[in-house]
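What follows is a set of structures for review.
You will see chain A twice below: alongside chain B first, and alongside chain C after that.
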Partner chain A sequence: MKTTFKTSLISLLLIITTAFVAKAQDTRIQLGSLDHLAAKASETVDVNVDERLMKLAARVFSDKDEDQRQIKKLIEGLKGIYVKSFEFETEGQFGAADLEPIRAQLRGAGWTRMVNVVSKKEGNLEVYLQFAGEMINGLAVLHTDDKELTVVNIVGPVDLDKLAQLEGQMGIPDLGIESTKSKKKTNEQ
Partner chain B sequence: MKDDYLWDKTGEPDPQIQQLEEILGTLRYQPKPLEIPEDLPVSRRKNYFPWLAIAAALLIAILAGGIWLSTRSRNEAPERQAEVTPQAPAPVEEKSPLPAESKTPERKPDSRKEVIAVNRHRPKVATPVLSKHEREEALMAKEQVMVALRLTTEKLSLVHKKTQNTNPANQIRNQHRVG
Partner chain C sequence: MKTIATKIFIAVFVMCFISMLVAQAKGDDFNSVVKMIEEFYNVKHEGIPFLAKAGMKVATTAARIKGGTARRLAEAGSIKLAVFEDQKFNGDFAKFRSSLNQSLKVTWTPLIQTISAAGEEQTYIFLRDNGDKTNVLVITIDERDATVVQVTLSAKNLALLLKDPEGTGKSITEEATLIDQE
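This part shows the complex of A and B:
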């Protein structure tokens, strides 16, 4: 009887731990706390593409067109893309307190700040990555300027190589990043 | 004679009973603590319940997996079968002096075997055609994805530019700090 109880307890603990681990692996950032800034902003970009929409979108990308095929490949494994971007006409429309809920999420749940650029001209730029083993499982970009606030969150396995391959295609700016594959090729030569 | 002594030891004692009591008294129960010899082999009962539970769970998982796989393969695998129908050799046409117009148009005799592919189960369509509403939704999602990708790459480009334009003097200073 005692052993049965012990086994049940261990199983329950295992289930709870698994649930917590699964929750911790969720790389989606809740951006709802920024919604109130839309009223002050002169321009707002709000992108909410969940896994279902992502799959649906992937189906309308043409396989015949090389550019579209590459984008399709990139988004096929993704579980969501969420963007909130606000542009203001005057300075000081948002503060650190507005960003705190976002930063709090990025401090936990396995996020690592890979890059932090502080520029007087361009504002602050932070790039966060979440890893699942050696794979990137989530990407978050936080850009704050005097008159601009942008948060980008990509959920799912992000292939930076594929992202770099999109440079200059379909209005996507040139990243200037050399993909690891092309690097390998040049090294071989 | 009263039998009281025999029942509750009251009354006059019977000498025969007393004698019997003395003889059997040596075998009387004497309370003393139980002593287990140290060299007695003790077999501990093993509890197999947790192992049985794990084995049962694994068995159920394997069974469920097997059922799922079998139903999946049954639904997916289209059964295609080629039926070969041997055709009897066409009779040799006798040449007749009648003109060609008078003859009814006949199928040319074919001595080859006729191969008919029969689809017993129609395979499920992998990608069903999007409905009008779904297509509209998909196009909107595509636009959103493009906007998001543009923004993301724009920001990453800015990061890249900034990290590439770091002052070399600072790098040297950092190297000194690290070294």
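This part shows the complex of A and C:
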């Protein structure tokens, strides 16, 4: 009887722990499915700023330096920044099938596509946010061009304004988010 | 009673053994990476035995970088450097990358990895928290040369690295190899 109780208790604890871990990792997009593209790419960039590095960054960015103070403010509360970027010499080196594992995750619970810009000149830009109630828990950006593919995943409370300001910092490439917003504003007028 | 004592002894022994392994891994990672490059690409590095003691030299040399205005990145005496010159680095870069990440994953965190021209130029930057200091491991491999640099960074310079991982990583390698040329 005692053993049964112990086993049930352990199982319950395991289930609770797993649920917590799953919740914490929900907004982290698994990007490993893109790794095979590195063999065809002329340039591959892989940035991993996990929670440990995020905390380290928050600790070392100085309040005295204007730039660093700005970044410190922007990354406050973030749990991770992950970037995978590929550049190709020629067109047609990747297709919808390569992106499907990423899109499948972004079709999951909580993710909403907020921005979708299709431009012949600047490529396609999709921005996804994950909401938990009214709170934003994570952000994903998918930028595709004929010869370029970039996925950015920010885990934690973030919005487009923050992302626009983080462009070019901490390994995040310049995705033209600001210009997208300007375009949106222009369209609204 | 005897069983409990035995269990405690085994637990303590296992814990000591694990911490010993982690400590050993922490100390030997630089050498392991150098050895891994040698075995994977069938190349040999050139030893620079006095480099670790060249703290004073580091300060003067680095001050001369960029016309003498640039600040020293590495903490004095903290540089470990292995250079591979004019050798062939032919091999499956994806396999190498995977082995490298696998071997360092216990004690190091990958920050940025860049691969150009299908593996002809590879750069890997790993970080390891060491109390109030941070160890940085920068590995660069191109068609004919490779460099492995391990340095200790102060909080100030770590901030620079986190802000601009690619640029600061390059500066760390440049700084270390400049000292080598002196």
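Methods note: the second predicted complex is superposed on the first by the 134 of 189 C-alpha atoms of A that agree within 3 Å, B and C clash if a C-alpha of one lies under 4 Å from a C-alpha of the other, contacts with A are read in each partner's own complex, and residues count from 1 in each chain.
As a working rule, a residue touches a chain if its C-beta (ideal position, glycine included) is under 8 Å from a C-beta of that chain, and two chains touch if they have at least 3 such contacts.
The structure displayed is predicted, hence computed values, not measured ones.
In the superposition on chain A, A:I136 makes contact with neither chain B nor chain C. With both structures placed on the common chain, the touch criterion links A:L56 to chain B and to chain C. In the overlay built on the shared chain, the residue A:K40 is in contact with chain C alone; chain B does not reach it. Applying the stated contact rule after C-alpha superposition, one finds that A:L106 touches neither chain B nor chain C. Contacts of A:I71 after superposition: both chain B and chain C are touched. Chain A is touched at more residues by one of its partners, and among chain B and chain C that partner is B.
With both structures placed on the common chain, the touch criterion links A:N48 to chain B and to chain C. With both structures placed on the common chain, the touch criterion links A:V127 to chain B but leaves chain C unconnected.
In the superposition on chain A, contact of A:L31 is made with neither chain B nor chain C. Shared contact residues of chain A with chain B and chain C: 45, 47-49, 53, 56-57, 59-61, 71, 170-171. Contact residues of chain B toward chain A in the complex are 47, 49-50, 53, 127, 130, 134-135, 137-139, 141-142, 144-164. In the complex of the two chains, the chain C residues touching chain A come out as 93-94, 109-118, 127, 129, 134, 155-156, 158-159, 162-166. Within the complex formed with chain C, the chain A residues making contact are 35, 38-50, 52-53, 56-57, 59-62, 65, 67-68, 71, 169-171. Interface residues of chain A, counted against chain B in their complex, comprise 3-4, 7, 45, 47-49, 53-54, 56-57, 59-61, 71, 74-75, 81-83, 85, 115, 117, 119, 122, 125, 127, 139, 141, 143, 150, 152, 154, 163, 166-167, 170-177.
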